[in-house]
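You will see subunit A twice below: alongside subunit B first, and alongside subunit C after that.
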Partner chain A sequence: MLAQQLANGVLLGATYALFALGFTLMFGVLRVINLVYGFYFTAGAFFSLWLAQAGWPLIAALPAAAVGAGVVAVALDWLLLTRLRRAHADELASLMVTLGAVLALYAAATAWLGPDIRRLPPDLVGGGAVDAIGVRVTFAQLLILAACGALVGLLVLLVRGTTLGLAIRAMAEKPDAAALMGIDTARLAALVSFISGSLAGAGGVLIGLNFNAIHPYMGEQMMLRGFVVVIVGGLGDIFGALLAGLLLGVVEVLTAGYLASGLKEAVGFAILVLVLWTRPAGLFGRADARRA
Partner chain B sequence: MRRRAALVAAVLLAVAPAALAAEPVPVGAVEILSGPNAAYGIAIKAGLDLALDAVNAKGVLGGRPIALTVEDSGGTKDGAINAARKLIGRDKVVALIGPTLSNEMFAVGPVTNARGVPTIGTSTTAQGITDIGPFIFRTSLPESDVLPVTLKKAIARGAKTIALLYANDDAFSKSGFDTMQAAARAAGLRIVATESFGSKDTDFSAQLTKIKSLNPDAIGISALVEPISGVMLQARQLGLGKETLFIGGNGANSPKLGQIAGAAADGMLVGSPWFVAKPDRLNQDFVTAFRAKYGKEPDQFAAQAYDAMLILAEAIDRAGVAEPAKIRDALLATDHTGPMGPFHFTDHRDPSSTEGVVVLEMHGGAFRIAD
Partner chain C sequence: MLQVIGLTVAYGRTEAVRGIDLSVAQGQVVTLIGANGAGKTTILRTLSGLIRPRAGRIVLDGQDIAGMRPHRIAARGMVQVPEGRQIFASLTVAENLVLGGWTQRGAAETQRRRDSVLGRFPRLRERLTQNAGALSGGEQQMLAIGRALMATPRLLLLDEPSMGLAPLFIEEIFAIIAELKADGVTILLVEQNASAALEVADIAHVLEVGRVTLSGPAARVAADPAVVAAYLGG
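Showing the complex of A and B:
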């Protein structure tokens, strides 16, 4: 049972990490706590649902939904955050604006689409599962693990290994100085919004596929966990988000499996408080480091 | 001119005694006809109207029709109380059907009971409804009556041990769990695990893995239909197969279970006070008449309301006069058989028998009667 529970925890943690990747990127580079992020997640899931219903295979529907969510992200960020960025508003301002906006978006989406839970067609991924050493993992779960690993790798490669990444990091460090050095920060901000929104969208598709529950508020339900992961991992820290996501998943599952299922959340969020007490910059973060 | 006046007078004289004899008996209903829960109230109203057609074909008390006024509660306690006050004060109703939700009944019941107007809940399943007072009746079986029937079926299929799983952040699910736990103990099932989750959770893998390792014969789930569907999907992912019997509480009694979980929910047992495909003649006649009038399938709420209206009409007839107190006494002597099955009230004004309960089994994403 322990092996299966650990696998459950890692898989759950991978969904948390997958959700948190784009969120932490957006915070680290754009310095906004963008709660609309959860809506991009919902949008990605719905795009893939519609495409799948139109007969698209997953291999095409997943990237298309990710691009769609990225476009939504660019549009909404431009609409909501351009003024704040120009006014050099602090993080609290972005938090408040995006909080209001995301609640309005969820409510509007619910009014339009209804609150019902939908499913991607079950045959989108083979319904099969792998059974080994007493651990059972479905194909959808393996896909999440693979996607999570691949996306973390690609992101790190982009940020650390390319000129574009250098520009992104420069902007994360000092936006004004970056602009003076000839970096088009407005365009770069839009690009980061796009990447972050696409990550959210891809997460929405894969997590929707795994949990079989697509509905307008699905992003809101992940947001709280996503917040814990990003804070524990260190704001803007991609590796930190991965590790913190896995940690939270494993802790939740082990608590439910061996302690009491009712304590799952209590323990998860107690970790958040403990981390903020002892290491305000996050479990894996250095003080005042911006490691986009 | 004079001739016309005489004619009018003659007509009035001729009609007056007949009008008196056929003076309608005013009956009220308080149901949710607007807002998010309107589906329940609309189904109930459809059931009441269908029963009224049958009743008024021959009338009560020697040919008097029943005049039913249905007021909208909007699903709120305030709305329900206002509607009930309006019906009693303005329409002088001699009996009241509804309101739709237990919550509303807890607000309306004390008012109608104080006014001495018999009130019949057709969809109120919470504990303590009839404790409100001697004028409060209900025809809907509480969950504590339905679950033992379901568990009996599970035991007949060889279940000896059970694990319980419930949503711990929702009053409906928690109360259903308490009932399930008590019923399982009473039925002699050994409870090997009790696990909980949040209604909004999507991951149940930890709880299900733990339950799987204990290898119970049955798993009972009390929650709303969305999380139950999620649990079923994930249970199949984790390899819990047909050898485990899944038992759903009241929340699982919804066609949404099949829509969301599909074949993953196959084999789940759910008890229901009524089922559209129940083969007895009274039920099939009701279903046929409902389809003919409304062009769609009736649901449990329509069936319950249909029976309640017939029960009330029979009681008015037995009372001999359209007086609330007499009707209340006559209701206690109810001996009715309808689409829901045979029906009597207990001395405490609850349904006395669970004979009408059917245990349903999910099969291919839809319910059928379990064998």
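Showing the complex of A and C:
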């Protein structure tokens, strides 16, 4: 029972981590608190739904939906945030602008698509499962885990192992100095938006798959968890977000399993408050939390 | 090589730079001296494209680059060592140098530049794998200059390279500037350390609250009684 709960928790947490990674990357590099981020999650989920309904296999629908969400992210960030960045506006300004924008976007999406919960076509993933040491894991869950692992690995490889990643880290630390080096910071910012949006979109597809429920406001519910993960992990800290995401997934599943299902969100926020009280720089608190 | 004509730069309503003219010819060292808040950094940031000018022209190699984005200006060979060094503290010394060579294509050329920079700054070679933030102030300034040299600058903009350094390092930095000059690098040097700057420069401009109040050969500016009184501790 406990082993099964832990497995479910890790699987859920992997998706949280994936989602939070994009958010923390965006904050760490572009220094904006982008609340529209949750909308990219919704967008990814709906893109995958539509593609699946059009008969695409998941292996193609997942990357296409992620790319679609990335494109939406580039467009919206450019529209909402370029001016703020150019004016060197502070984080509060980005918070307010994106809060207004995301509420409008959710309302518009709901008006257009309706508030109902949609289901993915039943044959999208085989219904099989594997059993090992008393733990049962469905194919869908395995696929989620593999996709999360691959995307996280790719991101870390990009940021830590390439010259492009080096430029991203330089821009995260000192955007003006990076521009003086000849780095096209506007283009790099768009690339970071794209990567973040794609991660959110992929997260949307995978959570849609995990719970088989897709609706316009799903990004907002996710955003609350994203906040918990990103703050507990330390804003801007990739590895912190990874660990905190897994942690939150496990805690939620254990709470739902052993206490009460309705309490799982409360526990997440209790952790958030505790961490902010005791370790404001995040659980794995390094003094400079802005590490992309 | 560089002509600045009637350059005006404002922050909101306050004009920090008011219609200045300036020119730098190939191979020259031109210095811009002035007190705190005179507008020196504002001028250099505008030249590099980090600030859009309110009015005026910035002509580099015959082309107006006013309002051009910074990365394009750097790619044209006008490279800045900014005030306060602005090295990437969380990255290693080697990574800082790689970023300095961003506009250079080709691994062989980058390697050649790096060897030449490390030849000029042997202390950096010993610290290649260290985080740049762990360097001393003087070493950070060397890294900032070395990083700019990675871009093969044709015109180097230096913003107060001696700021905050111990006297020994200040001497070293000015020796490096003299060396660069001997190697034929064109330099626009902003300094508060007027005596050292006037010594190395060919041409000097004195900036006071956003206006150039005196220009001419460095030796003549250095002999001006007002300059002696205000900047040379005379």
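Assume the second predicted complex is superposed on the first by the 285 of 292 C-alpha atoms of A that agree within 3 Å, B and C clash if a C-alpha of one lies under 4 Å from a C-alpha of the other, contacts with A are read in each partner's own complex, and residues count from 1 in each chain.
Methods note: a residue touches a chain if its C-beta (ideal position, glycine included) is under 8 Å from a C-beta of that chain, and two chains touch if they have at least 3 such contacts.
Since this is a predicted model, take the numbers as computed values, not measurements.
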| item | value |
| --- | --- |
| Side-by-side fit of subunit B and subunit C on subunit A, or clash | fit |
| Which of subunit B and subunit C A:Thr278 touches, first, second, both or neither | neither |
| Touching partner for A:Arg136 - first (subunit B), second (subunit C), both, neither | first |
| Smallest separation of CA atoms, subunit C relative to subunit B, angstrom | 40 |
| Contacting residues of subunit A [partner subunit B, same complex] | 1, 4-5, 8-9, 11-12, 15, 116-117, 119, 122, 129, 131, 136, 138, 141, 207, 211-213, 218, 221, 252-258, 261-262, 264-265 |
| Subunit A to subunit C touching residues, read off their complex | 163, 166-167, 169-170, 173-174, 176-186, 288, 291 |
| Residue numbers on subunit C that touch subunit A, as the complex places them | 48-50, 69-71, 74-75, 79-80, 82, 86-91, 95, 98-100, 102-103, 147, 151 |
| Of subunit B, residues touching subunit A in the complex | 168, 195-198, 200, 202-203, 205-207, 209-210, 213, 226, 229-230, 233-234, 237-239, 256, 260-262 |
